[in-house]
Amino acid sequence: SGETTGTSPAAGGASTATPKIAAVIKGLDNPFFQTMKQGMDEQAATAKAPVTVQAANAITDTTGQADKLNGLAGQDFSCYVINPISGTNLVQGLAQLSAQNKTVVNIDSPIDAAAAKSANVKPATYIGTDNVEAGKMAGQRMTELLPDGGEVAAIGGIAGDVTSGARIEGFQQGIGPEVKVLQTVAANWERQTALTAATDVMQAHPELAGFFVANDDMGLGVARAVANAGKTGKVKVISVDGIKDALNAVKAGTLDGTVAQYPYAIGLMGVEACQAAAAGKTLPTNVKAPVELVTKENADKALAATPKPFGSYDDPFTSLIK
Amino acid sequence: MTENDTPLLETHDVSLAFGNVRALVDVSLTLRRGEITALVGDNGAGKSTLVRCVSGIHRPQSGRIVFDGAETDFRSPEDARDAGIETVHQNLALVEDLTVWQNLFLNREIVRRLGPVALLDRRAMQARAREMVSTLAVNVPAVRSRVRRLSGGQRQAVAICRAAGFSSKLVIMDEPTAALGVQETARVEELILGLRDEGHAILLISHNFAQVMRLSQQVWVMRAGRCVGGRRTAETTGEEIVALITGALSN
Amino acid sequence: MTDRANATLVAGDGERWAAKLKDVGFWAEWAALVGLILLVIVFQALNPTFLSPGNITSMLLAAAILIVLAVGQTFVIATAGIDLSIASAMTLGAVVFGQAYTAQWGLALSAVAGVFAAAVAGLVNGLITAWGRIADFIVTLGMLSAASGLALILADGKPVTIIDPALLTLSTGRAGIFGYSFLIAIAVAIVAHVVLFHSRFGTHLLATGGSPESANAMGISTRRIKIAVYTISGMLAGLGALLLVARVGAAEPASNTSFLLNSVAAVVLGGVSLFGGRGTIIGPVVGALLLTALVNGLTLLGVSQFYQPLAVGVVVVLAALLTRFQR
Amino acid sequence: MTDRANATLVAGDGERWAAKLKDVGFWAEWAALVGLILLVIVFQALNPTFLSPGNITSMLLAAAILIVLAVGQTFVIATAGIDLSIASAMTLGAVVFGQAYTAQWGLALSAVAGVFAAAVAGLVNGLITAWGRIADFIVTLGMLSAASGLALILADGKPVTIIDPALLTLSTGRAGIFGYSFLIAIAVAIVAHVVLFHSRFGTHLLATGGSPESANAMGISTRRIKIAVYTISGMLAGLGALLLVARVGAAEPASNTSFLLNSVAAVVLGGVSLFGGRGTIIGPVVGALLLTALVNGLTLLGVSQFYQPLAVGVVVVLAALLTRFQR
Amino acid sequence: MTENDTPLLETHDVSLAFGNVRALVDVSLTLRRGEITALVGDNGAGKSTLVRCVSGIHRPQSGRIVFDGAETDFRSPEDARDAGIETVHQNLALVEDLTVWQNLFLNREIVRRLGPVALLDRRAMQARAREMVSTLAVNVPAVRSRVRRLSGGQRQAVAICRAAGFSSKLVIMDEPTAALGVQETARVEELILGLRDEGHAILLISHNFAQVMRLSQQVWVMRAGRCVGGRRTAETTGEEIVALITGALSN
């Protein structure tokens, strides 16, 4: 795995154009963030810039993540790439950083605008995908798959989780009037729990036409439940993330689609943004990371390219750091 | 004095069963002021259960308890202590993790008031505890050591000190000298007589006949949950009591 | 010196049952069962799908892993300990199984490796508790962290998909309405019952939980007992790992925290005291079924995800209230 | 009858300290402190930033919430209970605070409402444990679920951002190297220490934990004590909620599970027995600092994510090993 | 028989301190085969601590213990039981949550072998337990009830039954009749004499002088952790023993 690069003082002092990067991301128990880290590590290796990546213990550990950022904020990094669990949980550490005039690159989940303003934090740039947007794509796809409409259920992460909430909200916006969401079940981001929940929902609603699942890991559990019930193909399953196992499942037909968010590209662009900032360039305030809907038709292409996006996408930083 | 003529404690037909074990069956007995009353009987006869009813731990399922002229209905040991009944339980009721002085003053703590707050007066309690313990024990335990560390007899001494140390109308002692050595037993007997001379009534449970005959003025005998008889100690003999206990003699 | 009729002589066998049925304590021991039955009645009245054969099968299947873990947890709790690492040990077992399987060790050997890894985690718990004289809580809390860390390292944080026909049979096959996984769990419970109540080891285990000093004074090595129960708990966590991998078709380094609290909850709902010294196996099994049925029923009824935790909390406390007369 | 020289008479005040220092038991009581010092030495040797004023400040700040919760947990554990709902009560308090604030109740009143809500959750725990005679574990486990459910319902699952200058001062302001939050936590600890060791309530609490029967026989209402400690624990969870909202700038219905296990771990590391009857306040406070310093140090050293849980587990067990001679 | 001339148990300069409490200081005593040996002393004198050293619970910090001619180094109570020492501890060492029969057979369970598995023979143990208990107790507790429910004396009876029920070379009884009633005490004394007549040696700790003089052949006296003297019972008087205990007379 990509080991964190040492933080020898020589690396920091060698060139002003080489940033010394610290990154705080959400949680490494989820492949999504591992891929994000991979993107960072690989870009850092290309740029010969040292990067230290820290993550919260779990995707719910808001204060733990804050503690990690505070731990890093006291050290001599020049650029901080952050992926906050909630809109506000990192604000305190960020206030510290902006007081020191360090570059802050916000990726994946946005910092709450009001909170940022009150703490006088100005992120140099935001790179990410809108989870609502991703949910919307899944919703549109579901409507295509169910031309006659039907009833579907949503399987979310931990009840009250922001990411899960945004994706499901997007899904509801994306589906047409013919498709109806019957029920939302919280499955705690666990594959086993999702499997059980999906089984139960299918018992209650034998006529159910599909599931929207808030991440791929749970999506695979739901696909398994559908297969166990002998309803593969009849009950559609769409999830979000685009991890490798999910792409395989899409290819195999057990999963009917996944909205790939390419954390690899997000991580990579985060490091690029730091490089650009170190080179004194002005950064675009808002950069859209690639999102692609992977279906059976393009699953092969997606698999071949993973963890990179298979389509082309706009990376404004490549030109800045040339 | 008519007040001194009424009995201090009367139980009327007190009964209590644990599941299908009838621990007390219609127990009626009386206890006079200023006397030492003994309660004897085989193991499992129900003596401790009766004590626990009087001191508010158990509530009788039927029957009445009259204390100091008033019918009582103790809902908790605190009620009984407030009414003036101090008890040395057979299991001693000490908190092993607390120190000797903390046990002695449990729920009777001395506090210093600092405006609205009341802080424990540890020094005063420790000093007083040292006095109390040294009147009884031979191998005096340190009042600041935890009860967990004391020998069986030392514990018993602490429990007795506690009951004797606070003025009360009735002191109940459930086998107070069972684990005590010769010297300690002598001291406890002295203490019991001293308490009586100060006007306290004492209910003494003991398997030691010599002791019962030596100290008490009245003996009640229990057998298999029933009170099978009472005698003035002066008018009975050890043999008669044993006969009552074993059932060879019935009232 | 023959027995004499007296107040404390307890009645003969014939009357014993009558007396038992009148005793509140007796009912309390079966509180979890009473709770389960009440729950079933309520859910069935609200939604007739609840007792459909299909739903029963899937409930029992869903309960299988929890039953296995609850049995392991019972052994530990009966000695007045607690195994907080039971879910992490399961994760570790699953990951080792997955890695071995991808390394082409073959199904059987991989399964053995997985169970072995979890058992070793348990053994380490036992050794440290017994020899280090540290509170069980903190040792197993440390192991919770360490085992999930190890699992992450071994798996490099990634799930491994395992598609194996034998595993598929295990997770989906059934005899009548009973899935194979459930039957395995029941077999485990029966063996555990026999061990606890019909073997010397079981008696020594209860004695260790009831009064370690007395057990020691009677020459029972409470250390050996502690080591044994944690190893058993670890082994059962390993077995749970196999069932889990079979169920989801993948070995993941995920933390599975809900299994931890649920395993303890099942045991306590089953009427086993956390202070050790007493216990049943049937109680925790019923407790596990209760918890599973609860979530299943709430999902069937379509109770909103926000109201589910509230409902779970209330029902758990109500079920526990049934045990109030226990002593 | 004056004292006689004898084997059991313990030496006077002068010699007491000398004897204490020789006693392993004495050192064990301070195990968490010894562990903390060792940890600090190691981290400082590996990374000099560790003891920089800035890092100390942020560590102490990070520890504040955990200290407050650990103090509450200590009260409960000293009565042989356990409050599994402490983190959920905090979540509930935070959400109520947030909702009241957005409903324009003003900062002070909202804060009171938040603390009150958490205290009520604690009170309910206490009432059910005391009157229902149910195991603390299961009652508070039920409350864990119920309180987080309530929080979700109240918040409709969404976080509320709270930007308030006073809260910002609370979370970022400091006197010297000590942040205000930390100072509040220390004040709480001092009051708790006085209550536990210098008030009648404290003695009764320890007696209740040590031997409920004996405490009862001495007329202490163990029920009232139980109700009181859970209410205190709830109130402190509410205070923790205010610190949390100030810290993360939002009131979120997310479950703070890591706080639950960490609060218990801090107490146990601090040398307080889960079987009740004994306790210190300084121990759990040091335990909380130890756990915070551990994570901070590992982050500073850039230890890879996957290795962190392993390292945490190993250090926790090692720290606990220092308490092995305690009894 | 030369074997019968060697003492069964010898302790040589056994010492043990708990922190700064010196519970045992150079204790040397011997115990002959086929005799009842009494050990007396004040509360906290160290009697129970000595017993715990002999029965493998504590290990002496210095000194030697010789049992049956061989120097012993018991690392656990199991070693002592295996060597043939059964003990009735002062705290009884019963497991309250187990039943009477389970306690009686603790670590001595009767099993039925079914091939490789050994299952408990509950019936056999219960029947045997009923016999054992009924020889001692007057209010016989049900062998299937939990020890938690028994009265103080009933517990003591169970603990004594357990020690007497398994053949052993030495039976140690730490205040076995402290909580017993008259009838039960008589039965236990009978039992002790019976054990002696069967050839067992008995070490009896008691605060009951009459009992000690009645039963024992040899008395050892402890004071404040030291063994301050031993006498043949036939050659001494109660007064002399008391004088040794209080320190009025020194050896």
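Each chain gets a letter, A, B, C, D and E, in the order it is written, and its residues are counted from 1.
We adopt the following convention: a contact is a pair of C-beta atoms (placed from the backbone, for glycine too) under 8 Å apart; a residue touches a chain by one contact, two chains touch by 3 or more.
Everything quoted here is computed from the prediction, not taken from an experiment.
Listed by label, the chains touching subunit A and subunit D alike are C. The chain with its CA mean position farthest from that of subunit E is A. Chain centres here are Cα means. That of subunit A falls 72 Å from that of subunit B. A straight line joining the Cα centres of subunit D and subunit E is 47 Å long. Subunit B and subunit D have Cα centroids lying 41 Å from one another. In subunit A, the positions touching at least two other chains are 1, 28, 58, 159-160.
The set of subunit E residues touching two or more other chains comprises 21, 44, 91, 138-139, 141, 154, 224. Touching two or more other chains at once are residues 6-8, 10, 148, 152, 157, 257, 305-306, 308-309 of subunit D.
Chain contact summary for the complex, subunit C toward subunit E: residues 1-4, 6-10, 194, 197-200, 203-204, 206-207, 209-211, 213-221, 277-278.
On the side of subunit E, the complex with subunit B involves touching residues 18, 21, 41-45, 48, 90-91, 137-139, 141, 149-154, 156-157, 175, 178-185, 207, 209, 224, 242, 245-246. Taken in their complex, subunit B has these residues touching subunit D: 55-57, 76-82, 87, 89, 91-98, 102, 106-107, 109, 111, 117-120, 122, 134-135, 138-142, 144-145, 154, 187. Interface of subunit C with subunit D (complex): residues 84, 128, 132-135, 137-139, 141-150, 152-153, 156-157, 257, 261, 264-265, 268-269, 273-275, 305-314, 316-317, 320-321, 323-324.
Of all residues in subunit C, those touching subunit A in their complex are 47, 49, 52, 54-55, 58, 62, 65, 152, 156-159, 161, 171-172, 244, 247-250, 252-256, 258, 295-296, 299-302, 304-306, 308-309.
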